[in-house]
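Once you scroll down, you'll see the structures, which are given as structure tokens.
Look at the two complexes coming up: subunit A is in both, with subunit B in one and subunit C in the other.
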Partner chain A sequence: MSRKERFSVFLGGLYRDNPVFTAALGICCSIFMTYDVRNAFLTGVFTALTLVVSDMVISAMKRVIPKQVRIPCHMLLIFGSLTFLQFMLNAYFPMFESGINKYFLPVAVSCLVLGRAEGYAIKNSVINSGVDALGVGIGFTVNLVLIAILRDVLGNGMFFGTPVFSGNVKPVSLFAMAPGVLFISGCICALVKKIAGRKDGGE
Partner chain B sequence: MNRKTIAACILALGSVFLLVFLVLVISHMIVADRLNEHLTSVPQEERMAMVPGTETIEVPEDMEYADGVTCVSLLYDENGNETGCVIDTVSTGSDGDVIVRVAFDDEDTIAALDVIEHAGLPTNLGYKAALPEFTDQFIGASSITAYSGSVSGRLIKFIDDADYSCAGVYSCVAAAFTQLKEMRLSENEQTTEGGTE
Partner chain C sequence: MRDILYIILTTVLANNVMFVRFEGLCSFMSCPGRKSSVRFLTFATGFVLVFASVFSWIADRYILTPLNAEYLKTVVIVFIIACFVQVVDNVTAAQYPRFREEMGICLVLIATNSAVLTICLESAQQDSTLISIILSALGTALGFGISTFLFGGIREKIENSNVPECFKGTPATLIAASIISLAFYGFEGVVTGIFSMGL
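Up next is the complex of A and B:
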């Protein structure tokens, strides 16, 4: 596969085929971890790391796992990758005061990782799975950070600690709550679909 | 499914389980020392800044911790005189653990209090327990009366909608006071034993 084709796989994972935008996967992470931009960014980064490792492992083992027990095996492999990453990051990056486990918790319950393993990794080569997972992970991180920023601006009236509104204009607290996240997430999905449609020459 | 397929499925599941288990055990063995080191390590600057005049910090290794206490650091000035101590505590708040760091000065009154971690989301519950309007009520307190919810005779006002997390912070402060009391008792016992000898 040429470099250009691989870049196309990456771009596909980034927005065109990203399950966050096409199937609204990972919405629970969006609701629970976007109350703060830092939390959103770190959750996105750790999800991306887990996606890359688990998708590559699953892709490498796709021929030895019978299809009847595919899902339990994939769940085991994702759990293994997640715990392995947690050990390594806790041991070698001790910059987080209270550990990094709280950023991994939403990854563990996220349907995004299993969804991408089932949707892409079992049908493609190890390297392509890794490239696609990296694209999906980056797309997911950008999505989470965007939601967190919009939630803070529209819901709390703050942009990185600086008040945005003045006078009679007040923030709408609904945006800081779960329904607001769904609304913002929906708007981002629509925007991404519009951009992806234009690039493909569609509507 | 025939027998051969069932056997293949069981074998695949077992192999994957064994593989994951082995990888995790081996990786844990490799990083165990570093993990323990990180868990017991102390971000010294942050703790030292909580009590003014502190130059050095020490974490006694043989100290027994009271319930809810995770770490105790002793603070000293440039002459080696004790300026106070910092006690890290954990309790349960809204949606998860509340981690609170309590700094006592040399007169055993609370000099500073930081809510390090809480699981309360903004706009609904627990985050309000970390706001200064709640935590500042503890500053200057030298005793706690758990059953009446007061410190140094002053009643602590819990924040509306964040009662559970406020109770968690209060429990943390109570645990810190218990630890401090045990430390002073143990020091007195050592002094008495030294005097008797």
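Up next is the complex of A and C:
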């Protein structure tokens, strides 16, 4: 497959049929992990790494796993890749040691990883699954960071620690709560849909 | 009687699994908006909830604790849940191929439903009894059912109405969910208010 086709697979994963924007997968994760920007970013990166590793493993083993027992096998493979990543990160980036462990469970049960494994990796080649997973992971990270920033600005009135509003303008505390996350991610989904729609129309 | 009523009212309204605790939204969001498929998803989730929580209780009490293998608890519970989801998937494929076609991956996503995982992790604790975990699983399934029932109607309305092109589908559903969850926040005061007046 040529480099151009690879890139189009990557772009497809990034926004055109990224399940984060088309089916709101991973919304639980975005509600619980976006209370500050650093946390959102680390969750996104950890999810992206897990996606790449687990999707490539699942895609490589798609002929070995019988279809009737695939879901338990996939869950175990995802847990295995997560544990592998956790050990690797703890060994090579010891400064995150205490941090990584708390992302383990949210990432393990985020619908995004299983959803992409079921929706893409079992039908496509290993390299394509890896490229697509990278796109989906980057899209998810950008989505989480954007939600966290908007939540901070609109809900707490702070942009990386500096107050944004002055005088009588008060921040809307709704956006610091969970319903605000649903609202913001709805708007982001609409924006992505608009951009993707324009690209499709132009081609 | 009063306690049972209180538990039902809190699980269904004030502490609703979907719109207050925000668990299990993913599999619902990826489900198509038709009423029949929403109902099917609800029953499948209830089935997985009840059976997986009973089996995690058994696994914890009779296998993991005697072997001193509590560190494997999460993996084992996720595995049990995934097995029951696989059962649902296989039965659907054999009996209702039309539903399986229609619903896509949202049946599979019950395996990562955090409501199911929370209930199973709770039931795999030392002090819980079999009756209490069955009751809490049923209560959660009821709460899930109520919210999918309410929200299913709204989703059908959204699908038939004229929303802007880029908001069609997922974005409109997310924004509707945000507004409904605000309404559910209000129930908290109502339920505690009723019971503090001395019903």
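Just so it is clear, the second predicted complex is superposed on the first by the 199 of 203 C-alpha atoms of A that agree within 3 Å, B and C clash if a C-alpha of one lies under 4 Å from a C-alpha of the other, contacts with A are read in each partner's own complex, and residues count from 1 in each chain.
Heads up, the rule we're going with is that contacts are C-beta pairs under 8 Å (C-beta built on N, C-alpha and C of every residue); 3 or more make two chains touch, one makes a residue touch a chain.
Computed from a predicted model, the values in this text were never measured in an experiment.
In the three-chain model built by superposing on subunit A, subunit B fits alongside subunit C with no clash. Of the two partner chains, subunit B is the only one touched by A:F87; subunit C is not. Set against each other, subunit B and subunit C differ in how many residues of subunit A they touch, and the higher count belongs to C. Contact with subunit C, but none with subunit B, is seen for A:G186 once the two complexes are overlaid on the shared chain.
Touch criterion met: A:A176 reaches subunit B, while subunit C stays clear of it. Legend: residue contacts after superposition of the two complexes on their common chain; A:L11 is shown touching neither subunit B nor subunit C.
In the superposed pair of complexes, A:G197 makes contact with subunit C only, with no contact to subunit B.
Of the two partner chains, neither subunit B nor subunit C is touched by A:L146. Legend: residue contacts after superposition of the two complexes on their common chain; A:Q68 is shown touching both subunit B and subunit C.
Legend: residue contacts after superposition of the two complexes on their common chain; A:M56 is shown touching neither subunit B nor subunit C.
With subunit A as the corner point and C-alpha centres for all three chains, the angle toward subunit B and subunit C works out to 80 degrees, nearest 10.
In the superposition on chain A, contact is made by A:L76 with both subunit B and subunit C.
Between subunit B and subunit C, the shortest distance over C-alpha atoms in the superposed arrangement works out to 10 Å. Comparing the two interfaces of subunit A, the one with subunit B and the one with subunit C have residues 32, 68-69, 72, 76, 79 in common. Note for the complex: subunit A touches subunit B at residues 32, 35-36, 61, 64-66, 68-69, 72-73, 76-77, 79-80, 83-84, 87-88, 90-92, 94, 97-98, 102, 155-156, 173, 176-177.
The part of subunit B that touches subunit A in the complex is made up of residues 1, 5, 8-9, 12-13, 15-17, 19-20, 23-24, 27-28, 31, 34-35, 38, 41, 43, 99, 116-117, 119, 121-124. Residues 22-27, 29-30, 74-75, 78-79, 81-83, 85-86, 89-90, 104-105, 108-109, 111-112, 114, 117, 164-175, 177-179, 181-182, 185 of subunit C are the ones touching subunit A in the complex. Put simply, subunit A touches subunit C in their complex at residues 19, 21-28, 31-32, 68-72, 74-76, 79, 105, 108-111, 113-115, 118-119, 174, 178-183, 185-187, 189-191, 193-194, 197.
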